[in-house]
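Please find the structures below.
One chain, subunit A, appears in both complexes that follow, with subunit B as partner in the first and subunit C in the second.
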Partner chain A sequence: MAKISLTRLAKISLPYILSVSLAFGVAGLILYFGGYDVISSYRTILTASFWNLNSFFLTLTKFSTLLLMSLAFLTPYISRKFNIGVEGQYLMGALGATLVGLAVSAPPGIHIITSILTGVFFGFLWASVPAFLMARYSVNEVISTIMMNFIARYSVIVFAMSLWRDVASGHPMTIPINTTAMLPLLSSSPPLSSGIVFSIATALLLYFILAFTIFGYELRATGTNPRAAEVFGVNTKFLMPLSLMIGGGIAGFGGALDVTGYYYRLIEGMQSNYPSLGILIALLSKGKITLVVPIAFFISVIDVGTNALQRIQRVPIELVLILEGLLLVFILVSESLRWWKK
Partner chain B sequence: MSSYKEDLSVVRPYVRLEGIYKRFGDVEALKGVTLDIFTGQVLGLLGENGAGKTTLMNVLFGLYKPDAGHIYVNGRLVKIKSPAHAIGLGIFMVHQHFKLVSNYTALENIAIGMSSGLKSIKPMSLAELEERLNKIMEYSGLYVNLREKVKNLPLGVRQRVEILKALVRGIKILILDEPTTNLTPQEVDTLFKALRNLIREGLGVVFITHKLHEVMAVADEIAVLRSGVLLGRFKRPEVDQATVIKLIVGERIDLEKSIIFGGFKFLSTSTHMEGAANSELLKVENITLRDKLGTTILEDISFSLSRGEILGVAGVSGNGQREFVEVLFGIRRPTSGKMLLEGADITNSSIRDRILMGFFYIPEDRLSEGVSPTLSVMENLVLGIHFTYSTKKLLIDFKRIRDEATQLVKKYEIKTPDITTLASKLSGGNIQKLMVARAFHTRPKILIAHNPTRGLDIATTEKVLNEVLRLKSSGSGIIYVSEDLDELMLISDRIAVMYKGRLVGSLPRDKFDKYEIGKLMAGVVGG
Partner chain C sequence: MSTASLDLATIIVGYVRSVLIYIAPYILTSLGVVISGRSGIYNISAEGVMLLGASVTFLATYFSGGNILIGISYAVLVGVVVGLAFGFLTISLKLNQFVVGTTFFILCSGFANLLYKLFIGVTLTPPSIETLRPITVPVLSDVPYVGDALFKHNLLVYLSFVLVAASYYLLYKTFTGLNFRSVGENPKAADTLGINVTLYRYVGTTIGTILMSVSGSYLVLSTTGLYTETIVLGRGWISVGIAIFGRWHPLWALVGSALFASVEALVYLLQSLQSVLGLKVPPESLLTLPFIATLIVLALVYKKAELPQAIGRPYDREAPEEYA
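Here is the complex of A and B:
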């Protein structure tokens, strides 16, 4: 096996380090002119996740969702399909889990499993629509998945405002699911959902499938050169839609885990900006699961850090979001420019 | 005119390339080449694929910037920045792939770029241009129907359009890169005659080729290039062919045993021909292929292939060869017709089924169909048969792949740092070797090879031809589609010709005749 030399490692990580520094530089300038303490702001962003167990668990919770979101994008991406529909699939997964969690009564173990599996299935089903349109009518999956996102977003509102609406809340959300459908916590105070175990397991399983199975080989072959794969007998017309549906299932899994393990209900807007962050992470990793995990963790740290900035340094939330966006843009730019190469 | 030739061209070269050095990544393509190019003569630039011939001329044409070295044109040091600049200096290069606008007429194509800047707004007199072209066509013998759209012209005529484009611009040096690739033997003769006519008018020609007999037929001087080094320059009448061959290939191949250099005595044609009738392997009946618009691409193709037979398919490229091999391998379904493998109907069998039945394929287009760039060399070597490397159906047996890939890389001399290196890091020639290795590794019962030696150096070409012959002697049938008629005539048992989607004529080995095949290639039906 080829050894990874130190120079090579430096070559790979240099652009990331440089762009992160650059982003922090620009962010620092903005904070400086806004009259904030730049150095302590930096410290907050980078260290807030590790101040106490509570914020660390919060980071892990975000990481758990982000990881699944990026895997949901990454799986079809490996066969060169762009699953922009992560958001809709996540929401449908959440809706499916909520539906079972509310409408069914069953013993705890079975109830949890059926809720989550329903969520996975809903995500899978939601992605199967663009997958079918792609396979049958060559409809571009980017367009169809975006449209499916709209439908999912408003379906959630309709659902959250109807039968199980939580009338006590001003925001569209359902009442909590039955306790039998709630995932056990890894730690009760501060709380940490056991969802993290599942998302890491998903990453491991996916890595194994892609690297060591015939299916994974064919998926990678399809993604790197669909024509060559097709010429040598790989059924790309089947694999591409299938990978999109698997991605949908993973996103649905994410939604289901968040409902059964964190929110315990369906809430309008619960997807936050995770779907787009997930896509970003998958793109940054260039389709490598080994990179998805650390990048997703880093983004979670930044996310928790910038939120803390708002609370502690009293930096307005808009500025915080701008800073976060800046960071991501710089990382993305460094990635595509490849200026560090000769 | 002869005095002009003596005064200028012999005394002083029109172009002098001095110490040209060029590297691509880790590959030194040119290692300090010095070459004089004179007007009034044909210089044959000879060398195998990858020797650096085209690179050297691309430097002169302004497509590559040399890393070191100087270029003198007409005695003056110049830095050639672009092809437009080179044309301004009187140098024109006709590449293997023509750069013509297919929806324009020949005349319009020639007119493109003749005026630039503000002048290009002024309406141009095509009539005047046509008149000049008529004169050029007359003395050169390169006739073209100028009013015809380029897309309707055969490849051989498109090449003439390119050459006329150069001549009408008053070019001094014309560079032709492997100009005979898609010509029929008759067209080659016409081209050679035209080149002789043109140099009499004072043109200088650089003729890039890897075929010795071509330069022997047309060149005044021969320069031999190997691995980026100029090894010698000879006047044609003084050339000793054996010496030149040695220079081209070096010490790497045994000329006595070489297939290409004639040491090869064909495994007597009669041996397999006798039993051919009752050992039929593949039978193709009335295959027709139409595209979505109903245009006929392949028409009524029938042939049969016996065990141990090499069926050569000749033809100018673009006559349906690609669709033909794709139908055979199952990539496309024929609109009508039947294919029988040892009597069993396989017309609708999938690619994978065919691979399992013993088919394999070497596609023509190595970049778009041959490899998966971000898979490793080792993973690429099993593409197509990967599903046979499974342990318990699901998992892929990388240990076996690794072992076999290590052997294949060694056997076929695929230059790669490691078998886990991504295929995108390989050079074109090595990708070709990979495709060849993959195909022979499966020991196919029926091999469909489309230009399998394209871009390979001579030693590797020998190796491929040897493998084809070994496959033949083991009883496999080979369908060998190539644009290289010389190569086809070397190894085929039978040659059929593709012309406008039809398989015309079929000559057995003892009836091989270059000009007869040439007629079929040009659509002059006979044979």
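Here is the complex of A and C:
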């Protein structure tokens, strides 16, 4: 019995192992032709997160951002909607939290909560524009959410260069938010933002909502077969835009947590390439939250590793995007090839 | 605040001229999306393919000692490779076209920046290449005002207009074009009539990505001769919007491109006139105009937008019954 399940396990995992090896193989080729030492680069990529507590905490911080970004894509994806606007929603969440963190003075607890909630609300609002256009005018959400990304990027620059501009910096960024709006650290040296607690809590909450509530059931039904769901009385016309807005709220939460818990200010470009990494994580996990968490952690490890590699050997940081993108392509190919043979 | 800079005729000529400079990438990319879509493949990776085309064109031109032809040839090669890969995943393996499109957008953008960094690195003053020289159309370019505005552009600008006419003719006035469109409308019926659905779709996808990639070349070769990570700046995504606005028709795509090129030219005109007009807005806020315009235009036309009937759906000969 155990033997059978083992071979079965091997059969199931083989395509994934092959895909990971292939993706790393291509990355290796790139490193080789770029004139880098491939083996030591691999070692750096995979182990840099565990060199010391500092880099491990950094990995956890990246992980919490990535987790929220992939959940922001995943929630609408369950109802078959493509939220490519994660970036804009994250930025607006960050902007909202910074605004409250700078403009308001309040006691610590209240100030933190209002900052973060404002961020969530800003992300939610930012996604509500494409959601409205989708519901009212049936505009494809891929294009509209992307447009909102560009508008958000410029809004961040305008905001960071205006009233609270940090004149000491050559890069567009605001001055630090009030200390009362700063999220307490989980550990002070080396520093670890408590954002990770909230992002894991979000993942758990979302898991239970999707698995055990009527809303979750209807959302999954909408994604599996919208027409059938509608026939059986699910209000798909309402659920699809709503899921997009919830995704926006989650992305905004990510932005707000990064401002109140990590950067303490709004910085142009603070989203880095995390929105893309997050979207790929969600696609890799095929809409399963139980898979998002480990994949997001794996990708954060690779990301921190690639960053270390960039500092040491000037290997371009884009390597992590390519590695993850290829991984997704190979997994998609291996799965459909298996399906093909049947 | 010199009044000389407010000479209206100069401003208008300059404006029309810059509209034509900005129109070419929109035309090339939206034509690519349209042609691909007409064969039934919804390729939303345009932005990434353009960036890759731009990067490869820059590198090939730079390392061949300024040979622009080699640069563009490499961009075409990139278009072929990306198109075949996209086709393999979406046509042969029948994967979801939005998933593949999103992934290719990210992958191509990643490769574009990676290649540039590997070959050039991070430099204080980025290297530049020579740009395409304007071709003055004989006689017509001598017409006052009109000549300066319309007939002193580089080859790719003229070529993009020729391509609109050519693709309109090929798609709507030839038998092959009819077959091609039928594959995007009703692949099952086309298949029954003996039309090779797979082949047409591969051809459509690959022509599409070639156009997108060359559109990226244009961005590098038209004005600055530099490659930057923000060189495409949403033009690829806007072009997908133009294809939708243009109902997947080449002539309407031209109209859409003209619309967005006018908006883009207006942004830069307003920026340059800011001090003269006394506008007190941050320059970045003006840059959001094309994106806001896209949202408004899409909201106005989307419900009436007609898509090729089978766009986005893989064709499976053995599927018992079409459900949609």
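Quick note on the criterion: the second predicted complex is superposed on the first by the 293 of 342 C-alpha atoms of A that agree within 3 Å, B and C clash if a C-alpha of one lies under 4 Å from a C-alpha of the other, contacts with A are read in each partner's own complex, and residues count from 1 in each chain.
The criterion applied here is as follows: a residue touches a chain if its C-beta (ideal position, glycine included) is under 8 Å from a C-beta of that chain, and two chains touch if they have at least 3 such contacts.
Note that this is a predicted model, so its numbers are computed, not measured.
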**Message:** Just to be sure I read the superposition right, which of the two partners does A:Gly233 touch: subunit B = first, subunit C = second, or both, or neither?
**Reply:** first
**Asked** Looking at the overlay, what does A:Ile151 touch: subunit B (first), subunit C (second), both, or neither?
**Response** second
**Request:** Quick one: classify A:Glu218 as touching subunit B (first), subunit C (second), both or neither.
**Result:** first
**Message:** After superposing on the shared chain, does subunit C or subunit B touch more subunit A residues?
**Reply:** C
**Prompt:** Just subunit B (first), just subunit C (second), both, or neither: which does A:Gly325 touch?
**Reply:** second
**Request:** Please work out whether A:His171 is in contact with subunit B alone, subunit C alone, both, or neither, and reply first, second, both or neither.
**Result:** neither
**Request:** Overlap the subunit B and subunit C contact sets on subunit A and report the shared residues.
**Result:** none
**Complete:** subunit A partner, complex, touching residues on subunit C are 44, 89, 93-95, 98-100, 102-103, 106-107, 109-111, 113-114, 117-118, 121-122, 233-234, 237-238, 240-241, 244, 282, 284-285, 287-288, 291-292, 294-295, 298-300, 302-303
**Message:** For a test of understanding, state which residues of subunit A touch subunit B in their complex under the given definition.
**Reply:** 1-2, 212-218, 220-221, 223-225, 227-233, 235
**Request:** Show which residues of subunit B lie in contact with subunit A when the two form their complex.
**Result:** 329, 331, 350-352, 354-355, 361, 363, 368-375, 379, 383-384, 386-387, 390, 393-396, 398, 417-418, 420
**Interface residues, subunit A side, partner subunit C - complex** = 30, 33-34, 82, 84, 129, 133, 136-140, 142-144, 146-148, 150-151, 154-155, 157-158, 161-162, 276, 279-280, 283, 314, 316, 318-319, 321-322, 325-326, 328-329, 332-333, 336-337, 340
